[in-house]
Structures are given as C-alpha cells and as structure tokens.
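Right, one structure below, let's go through it.
Chain IDs A, B and C follow the sequence of writing; residue 1 opens each chain.
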C-alpha cells in the first residue's frame, strides 16, 4: 500500500526525467550551460536508487535519462583536442533542457492570460435562436468527433456483426475477381467508362494493374476499335 | 468594488435565463433589495437612453438583456450562416460511410440497426456523401461514398488521411485533470441535438 | 435602417463565437468592410467610454463581447462554472502544440520526456487541439494543431499573437519543497550562450 502512495507522489512531483533533472540543477545551483555532469549524474542516480529502495515503480523514461547522463559523463572523460570543433557533449542534455524550459515558460505565460471562463465571460446565447435555412449552414464538426462516432458504433455493435476498423484496401486480386464478375454479367467492358466510374487514383491504378494481370494470365483480351479508339475488355472463354 | 449597476449588468450578460431579484440578492448579500431594484432601473434607463440594439426587459419573473425587436431581421442574417452541428445519428452514419465506403444503404442499416434513409438523404443534400453507382447484385442497390466536400469539412487532403479509432485508442485514456486552472464547461457550445 | 454600429452590436450579442469580419460582411452585403471596421471601432470606444461591465475584444480572428476581468469574482457568484482545470503538464503540452504546430505526438514526447497520449486525448476532448492530418513519413503519424477555441479561451487574436517564450537559463534558487516545481515568473532572461 505504501508503494502506491509513493507512486502517486513521484508522478505529482516529477512528471518526467526532465522535471527531475531541472529540480536537481536548481537544487545544486548550477549553470545549465555548464552543468557539472558528474555531480548531476550522481545525484540523479542517487535519486533513482532512493526511489527503487522505496519500492517505487520507475518509468522507463527515467532510466533512459540515466543512461544518457552516464553516456555524456563518459564522453566528458575522453581527451578533447584543443582545436576540435566537436561540440560539448553536455549540449545533448542542455539543449533539450533549455527547450523544455522555454515551453514551461510559455505554459506559464498562457496561464497568466485572462482566460475565458475564469477572468472573462461571454454570453451563452439561447439555443432556440435562429433556425435559418439548414441547407446553407456550414457544418461544424471535427475529425475527433467523427472517429468517436465510429468508435461508438463499434462499441455498440452486436458480436455477430464483424466490421473491419481499417478502411478496406483494394487488392489487385480482389479487383480481378470483381472485373471477372462484371464481365460475366455484361460480356464486355469499355475501358474508358470503367476508369470514369472509379474513385481516386489508387483505384484506377489497381484496376489497371488488375486488367494487365488478367491479360497476362490469358483470362481476358483487350481490343481497341479502329474507328472510335475505344478499348474494350472481353473475358476469354475458360479452357 | 465596481458600481452596483455594472455588477448587475455583468450578471444579466452571463445569465442564460431571466435573472430573478432573489438570485441577485443571493449573490449580493450585503446589498439590500431596494438598492438592487434601483440599480436595475438605472441600467434599464441607460440602455433605453443609449439607443443601442440591446435592452433590459422584465420577463418571466426576472430580468434579461435582449436585442430590440427592430434588429430581428438583421440578426436572422447573421444567425443563418452559423455553423450547424451534425446530430449523433448523422455523425454515426457519416462515420460508417467514411470508414466503410463504398457501402450500400442496407449495410449501413445493418450496422446501425435502424433505418438510414432520411439521414442518407440529408447527407446527400449537404454534399457530404455521393452516390457512387450501383452494386451489381440483385436489385442493383445504390452505393455511397464520401465527397471532396467531406474532405474539406474535415480538413483532410485524402481519404487515406482519415484517422482510425486505433489512432485514438493508442493515445490511451484521457488524463484526469485536477489542478489549478478553471475551464468552465458551460461556455463551450454544446452540440445541437435537434437535427 | 438602424445605425450600423447598433446592427453590429446585435450581431455580436447573439453570436456564440467570435464573429469574423467576413461573416459580418456576408450579412451586410451593401456595406463595405471599411465602414464595418469603423463601426466596430466606434462601438468598442463606446463600450470603453461607458465603463460598464462589458467590453468588445478582438479574439480568435473575430470580435466578441465579453465581461471585463474586474467582474469575474462577482460573476462567479451568480453562475457556477463547472471548473475543469488544466494541470501544469496539460498546459505544457498545450504550449508545445501551440508553439510548434503542426506537431506529431513523438515530438511532443521528445520535448517533455514523457508519454503524452492521455493529455493529447484530453486536449482533443476539450477541443483545445485538433487532428490536422497525417505526416508523410513512415507510419504516417497524426499531426496536431490548436483550434480556434484555444484562441478564444486564451484571448488570442491569432496564433501569431502568442507571447514569445522566454529563454530561461537561470533556474533561480531552489524552493524548499519539491512540490513547488513551478517556476517563478521573474526569471531574468540571459543572452543565449550557445556556441
């Protein structure tokens, strides 16, 4: 039960490794452009160890950061040539830290604004107002609502109805089967008309490939009319 | 403390329904009813004097800010082009067509379990869906698909961009928020349920 | 015909969301945009002059009537906003999306160093952000951006109106308690010393 309490506390205090790192940098009053990497790494690891000792679940992110710090520390130990233009290994951590701090300050600035619903209020006009001509009204809806609507349907679906969540992908094979089926029904298909009835580039390409495959397999023949230029697709009699 | 008259004005501005004297008194426990009444009268006079489009009326046992009747014709012009929301039923039907297109009406009805004729017609009218052709099966039923306008409405370049429920479930559960900043719900327009 | 200024006032009074110049122009086809703009300015001056509880603000690409901040405490006595709060983590995520949009989830997580799924979903639910589409890279991840509602809530005219984030390198003195992890506002920005 105790571990549960600590778990909650850890998440409240340090939401992620960046927060912990910033805390340690502040606590030790060090310059972010000149981080004493071994001090901070040691403190960081001590903290992780302490958390482990307290039986707290540590998110993987914290361990990744520990590895990053250790890596930087080891790189700092390597001799560096005076005139080398290799950047300070600590940049690897300083840069994201600064970026994170910038975003933190941006969040604070957002929070300091006069917020609608907190500092300032608008009218909530009566819902009865204005029926208008529905036809002309624009629609206000967003994608998230559409997905949620679909999710709702899936959730409420009785188990005997199975539907694929992912939009169906056309396969050349399926298209061939469809074409054969169409040809059996109609006898022939005019290529131009067939293409016009399709929706989207992918469908046209798939259909085209399906026709080529059928001709290659000798399942269908293509004949172009000399006068009209129409290309007609016929089904070959199966042997 | 701001002027009583202005405080009352702010109350009337944010209230959805006519505001009673009792409610105002509750929000202003240290002010007596007589002073509130006087302030309301002053405010009413001010609105009348100013000759703007808004007036203060006594209605349904309370007070309310309203537009003057002379502006009704103008207001109808601005209300009309206002964005409309799709009903949950329409949204669900649209979602089925979007994700399962090309699809026959009977399949839509099979999935939703109810008649879809009216909604399909409405979606056709609104140019959100189109008739793609007929399915070559007995009865040659019409098949439906979404339109270019649909993509525009949802800001999609291509139907392939349509996020699937998995994209959302991958995000996990929404975090429960319990800190600092207040965001009232009651100012976020709620969907019209009356399509 | 009533005064243009008053017609616009009636439009603003009945609108659910910030009203754009374009929409006003559509409702007033015979009036030119310049005249509409002038009338809006006159109305704004009038509201400022009158010193009531209401003001006219330019926000989210449009215009809106709002109560003045001084009245917030009073208003909360008359209406109970269903307080929904944004945690510091949610605010940070929102800030990252606002400043870096359009942005993928992985980029958000890279900056904050933690999973962002739950918060993204909550921000979507609250209509502060939206799915903009997919990025054309392997896996075609969803990309996110802020909404108009975000601008409306935070009182921003447009996304360019966002305050410039300060470069912070001086982390200040540590606070005694780890709980007070939020940073003081009075950081002195020092020049970027990156080499």
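As a working rule, a residue touches a chain if its C-beta (ideal position, glycine included) is under 8 Å from a C-beta of that chain, and two chains touch if they have at least 3 such contacts.
Owing to the predicted nature of the structure, the values given are computational and were not obtained by experimental measurement.
Trainee: Find the chain most remote from chain A, comparing centres computed as mean CA coordinates.
Mentor: Result for max centroid distance from chain A is chain B.
Trainee: What chain sits nearest the middle when you go by CA atom centres?
Mentor: So the chain sitting closest to the middle is C.
Trainee: Chain A to chain B: how many Å between their CA centres?
Mentor: 29
Trainee: Go ahead and note the Å separation of the Cα centroids belonging to chain A and chain C.
Mentor: Comparing mean C-alpha positions, chain C is 24 Å from chain A.
Trainee: Approximately how many whole Å separate the CA-defined centres of chain B and chain C?
Mentor: That gives a centre separation of 20 Å.
Trainee: Multi-chain contacts only, two chains or more: what residues does chain A have there?
Mentor: Counting only residues that touch two or more other chains, chain A contributes 111, 115-118, 121-124, 129-130, 142-144.
Trainee: For chain C, write out the residues touching at least two other chains, lowest number first.
Mentor: Chain C, residues with two or more chain partners: 13-16, 65, 67-68, 71, 75, 79, 81, 88-89, 91, 115, 124-125, 127, 130-131, 153.
Trainee: Given the complex with chain A, which residues does chain B contribute to the contact?
Mentor: 10, 13-14, 16, 75-76, 79-86, 88, 91-92, 94-96, 98-102, 110-112, 125-126, 128, 132-133, 136, 145, 153-156, 159-160, 162-169, 180-184, 186-187, 189, 192, 195
Trainee: Quick one: in the complex, what on chain A touches chain C?
Mentor: The touching residues are 12-19, 22-23, 25-29, 31-33, 59, 61, 65, 87-88, 91, 95-96, 98-125, 129-130, 142-144.
Trainee: Give the list of chain C residues in touch with chain A in this complex.
Mentor: Answer in residue numbers: 13-16, 57, 64-69, 71-72, 75, 79, 81, 88-89, 91-92, 94-96, 98-99, 110-115, 124-125, 127, 130-131, 147, 152-156, 162-163, 165-169, 171-175, 178-179, 181-183, 185, 187, 193-195.
Trainee: Which part of chain B faces chain C closely enough to touch in the complex?
Mentor: 2, 5-7, 9-11, 13-15, 19, 23-24, 26-28, 50-54, 65, 67-68, 70-71, 74-75, 77-79, 81-82, 155-157, 160-161, 163, 167-168, 170-175, 177-189
Trainee: Considering the complex alone, what residue numbers of chain A touch chain B?
Mentor: Counting only chain A, the residues touching chain B are 111, 115-118, 121-124, 126-127, 129-130, 132-154, 157, 161, 163-168, 181-182, 185, 197, 199-200, 202.
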